[in-house]
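I have a structure here, written as structure tokens, and I will follow up with some questions on it.
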């Protein structure tokens, strides 16, 4: 009674949702606790390779760092009064989705397929039951299963965080929490299963053979399309576009970009799941595409706006890293350069012409950079994938193929389905959350800023 | 000549500047201040320690004008800075003795605009 | 003469102490220089495993990064005028204790036991004599001895840095240097020997079998209890509690927390001393506990203060990482979740109720977070340790037992002794340093701020 | 026509230079695209060691992070109005030189020697043709060739970035881009070939046997001597020395120093090109020298200026890391301590006495720290190198030698030639760029600041 | 009406605000300034380069009051801002012509409080 | 007594302070402001979005002086702050009623210097 009444009305749904998830998780935990008692676990002996394990673990750590990196990249671009709200949203996702992944997310995404149609994983690995030191040969035969799981966890964490860019500076924090939890469970986990899960209907493990090395569809198109939905549903910020102050702290955005770039080596090269020549190739392709796109964006700013901008370079670099994500393990350095050029050109155009013309307020260009960049990357994978780089490629891309058109078609199909699915699913989700909790802060709260109104804090003291 | 000092809500600045521009009051100096007024701030919480939060962010405008521009300036500010909520701020008008343009050394009414 | 007279009176002791240590070290260096000449060192050939070595080295780098991470975590929370003093203290410790470790610290902590009672290591490894490429089978048989040594060095560095949180904004820099050097030598090195040294009387290598995977007692309880002593001896800051401004730069504190979290993977998973399933399990447990505690702290703020706070989430995450430290390699993911819950709850209570009621001024809650969190973690290890996770566990924790109570008792004993020892030892040390140099800056210096008065610098220009 | 006319006059040369390089690269890319089609590449099977590969890849990522680290180290020290210009220059170099390395740099530096005199590499590896998963036994037999290439890429990136410290706050951005590209191609690539390339006339692979473990000559002396040339050619900033405001944001400089230190483990220990005892030893030496130099710089400030400064500690640490770079894999921990002492003393003297007396304006002491520190390090390698640490040492250093004087002489020769070559070459380059584009911004632009005038951005909003 | 400007030591701000509150002077505007005065600053050192450090951090208060509140305000400030060390600062009192509350449009003595 | 307010270009601050010092005007209070004047700012560009950039960084000096020091102060400022380019700023002179030194409680002409 008294407990519930201390929670102010609007937050009750959020609290309830959390309690619900925790309870569901609790059941699985209880079960797991029993079964993981002495004797019941698999033997600790494992055939994991130490070098591969070291690489996957450090890659997981690198990818984890990307979420704070994103926090600073985004945070530096908002107004002073909303700085903490962005950092908070990213950190909350880091906490919340990590737990969701342990409780049910991993099992839904990567667990043995339920129903055999490649739609969703089963509940066998709820609470990480049976996910231990023994490698899982399907996904990564030379590293502990738990290492593969935690590496994937970091992907599940950063993906919803990317969407923040679309609704920054105006979303209610409680609604944000509920939305993120639901989105991870109902949008991310299925899509990950379709593309990467054993038996998933789109991917290499028994599906159409759509190529997605490190998350072009699952991460970037997914987040990008959802970001567009979010920008549309939440509508514009007050004063957009002309009364919005410029980025309050570009150096922190540059720091965030640096952390993202650094972490991306884990993201892409780690997706080789071993310290192999493949990892090395993916590392090289990643770096080249990021560098090229940073350079090209600067050149476009230079040409069209008379000066190259810092924000342009870091945006370009991120766009390049986005676009090379699905392709990193499949392309040559040349392929990476060409991907990088497109990765700057298309998002630049989207941000410069598409956004103002369409009039949606994608505050930090989550759709422009991740959506458009991801789509270009997934398509480019169908252009430049090359079996001589990675034998997992069955059909070469268009430029190397005999049957390159086939692979390109598969890629287009994967792009279309992912984008459509996550756009629609996210739209529905947001409408539901809006109806139940209300997505947007009040006009007054928006004016005062989210830091004070949602978190009772200010980012920087003025006088101290 | 008068020296007008106005304290307004930070997010009204853009609108007020626009309005001043419209009324041909182009020259303004702006700065960050913190204000304690009737408006109750939001109590901040840091590791369960509550801060009264009595100082709130405000923006200060300083505008030197010839006498005939005082009324338009006051109107421009009040019309666009008003939200009707406590904390909207104040306008203070002081007497201005002299005004010198540094670039040219001009003085007085010519220098002000 | 003239040299000494240029040193203003109060700093003379500091300079003298440094000179002393350098001289002592010099002797060992000289000796080492001779013996490490051509031919006298062990053969370079080694049976180290490359994967394990890569993991331990990168882990050492990650743990090194935690000290700057801590600097920003702490620095963001102090007032503007003391920002640099905190950064400086952390960097000074990084330099000073690294050298102390080379000269004598490592030998005292991990060197072959002197006297056979497990109290302290001998002087055999002074100046790192004989600590080379060849693995030391006692501590880590698959990595170079020097890699183990440098990994441990980073622990010795960050532990005294944690205490800074208790005396921030009021300690004289010279006193700080002398104190830290003495504390590392007289408090940290022995305790590390007791728990982790070969033959140490509390640990697994011939002692009671107290479990401390990565430093619950040695690092966190040790620093936490010393922090309490420091807060008591140095007394309150002027104006505490009501006239102290809030954190001057929360985004930098968030950055520090991110660096800490990132580094903690090296701290805990690196403590497996190899790229094994154990490392992977410790990695997972670490992340889960941090995430859970961050979430729970946010929930408690939300519930009791109406809004979840950014500072709350990062504090909770750090507390969770603290608490899982002794347990990381011994518990299941479920165990980690439960440890995380307690890791938020107990420090939250300590900070909210204990501190204001007791009236000590633990400026940045070093005791509240590391002390209380560490104690909970060490006890929780006795509850959740599980031999099926790690065969090094002889007796399961209480919840997995047959003889769980026995392990719990051992843990309690270890907690009690560590806490008591470091509290008392630190108290004495501080009193001595106070008597000789004076611990606290003058009232005027405190008002002006430590940056200007202790370092002749300001952190940020206002007008430039 | 219309395109070219949209580019304002001064930028045309920059744009042309870029187009030129891109075209040249384009040719090589086209060729590579064809040859890297299916079937034409080496077999993917490789004998690379996973542990070594993991270590080299993560080291490459660490070294990549050093360029942003440097950006913040430098950026924190300039005035607010030039903050972004420094960050931008570093990021631009990261993009530009990465691409240059792919297109031609790697081949010039490490490609099979042309002409057999050890002057320059050939064009065999243009566009990374043939640089794939297969290890290259000459350089690193246990990691993919592409991993070695990308590790070296990061060195090529950071070296020109170091020079920024000399001309910060007054160089035109277009001139900067052209200069950096030319410098990398005409100064860095040859020097790298001389010292590290197969057959290079100075190094261990068929040359004089000059020892440079991780870049004392190639990186630090090279950048340092060029920095001196740049400081002389660009002349003083307006108002130097008395009207220049102090560092605008020292905490960010501290952050940069932390990132540099962290990355330096990859720089030096990664240069072992495997996760070996040698890597571990280099790791230890690196850390010790950095810590010692940080401490000694603080002591010198304490002694001569009455207070130890934060900027002093981080400058000292960086100087120590610089000086140990050529020596890391050749010296004992004692050697590292002694190198660290010199690494603080000489640059401290240079910055305190040499710079003001000579009157050049090396804005951020790129010459003082990297030049002087690098020279000391290269000489110190001739003093302390020790075959028992690393069998690659043919002749011990002076203090361990029988024929130590011989090695010292070789080192001196290498120092002299590198310093002279890069000083002169850089001078000429700058004069040429000055004549064609103009190196320096106008007086008015310098007053307003480079952020606004070169990039149309401001780093921090004041009112938002 | 008077417009009071006071420059004080930054760390005295809390005390002064408290004292003003006690004397029912609730409305204040505060900002950061740097002051050069008789107080000699601490010379800063950056890589052995010494900065005179002549500008010191101060805090500026601006308080518009009716005539009868001038003395209490001055007393409140002097009593709590005084440390007796050089650098304690100054109080300046200027004439205030008009005062307008933006929210309501009220003028004069009513608007000030 | 007069209260002089001057708005100048940020990079002229050092020179102006030096000149004031020379003319024995030691006591100054300085702060950051943003100004909109006749000077056209550089339009900023963020991801192709152009900001008018009408507010430019300026520095504000406040100097309270006895009447005889007004002219030297104005001269010191104009002489060193002038670059001849638009945007050099303005000097405003207001009447100052009272001046109190907080440390001693002194008033008036004694307190000012």
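Should a chain be cited, it is by its letter among A, B, C, D, E and F, assigned in written order, with residues numbered from 1 in that chain.
Simple rule for what comes next: a residue touches a chain if its C-beta (ideal position, glycine included) is under 8 Å from a C-beta of that chain, and two chains touch if they have at least 3 such contacts.
All figures in this text were calculated on a predicted structure; none of them were measured in a lab.
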(request) Could you tell me which chains make contact with chain C and chain D both? (result) A, B, E, F
(request) Examine where the copies chain A and chain D touch and state whether the two sides share over half of their residue numbers (same) or under half (different). (result) different
(request) Would you mind pulling out the distance in Å between where the CA atoms of chain A average out and where those of chain C do? (result) 34
(request) Measure off the straight-line distance from the CA centroid of chain B to the CA centroid of chain D, and report it in whole Å. (result) 50
(request) Take the average of all CA coordinates in chain E, do the same for chain F, and state the distance between these two points in whole angstrom. (result) 18
(request) Mark out which residues of chain C touch at least two other chains, giving numbers and ranges. (result) 49-52, 54-55, 58, 81, 246-247, 249, 255, 275, 304-305, 307, 309, 311, 456-458, 462-464
(message) For chain B, give me the residues that contact two or more of the other chains.
(response) 10, 30-32, 34, 44-46, 55, 83, 85, 94-95
(request) Name the graph shape formed by the protein chains and their touching pairs; answer line, ring, star, complete or other. (result) complete
(request) Could you pull out which chain E residues touch chain B in their complex? (result) 3, 17, 26-32, 62, 64, 94-103, 105, 111-112
(request) Using the touch definition up top, name the residues of chain E that touch chain F in the complex. (result) 2, 5-8, 31-38, 54-55, 58, 60, 74, 77-78, 81-95
(request) Write out the stretch or stretches of chain F touching chain C in their complex. (result) 10, 13, 30-32, 59
(message) List the residues on chain D that touch chain B in their complex, please.
(response) 462-464
(message) For the complex, give me every residue of chain F touching chain D.
(response) 9-11, 14-15, 32, 34, 42-46, 55, 57, 83, 85
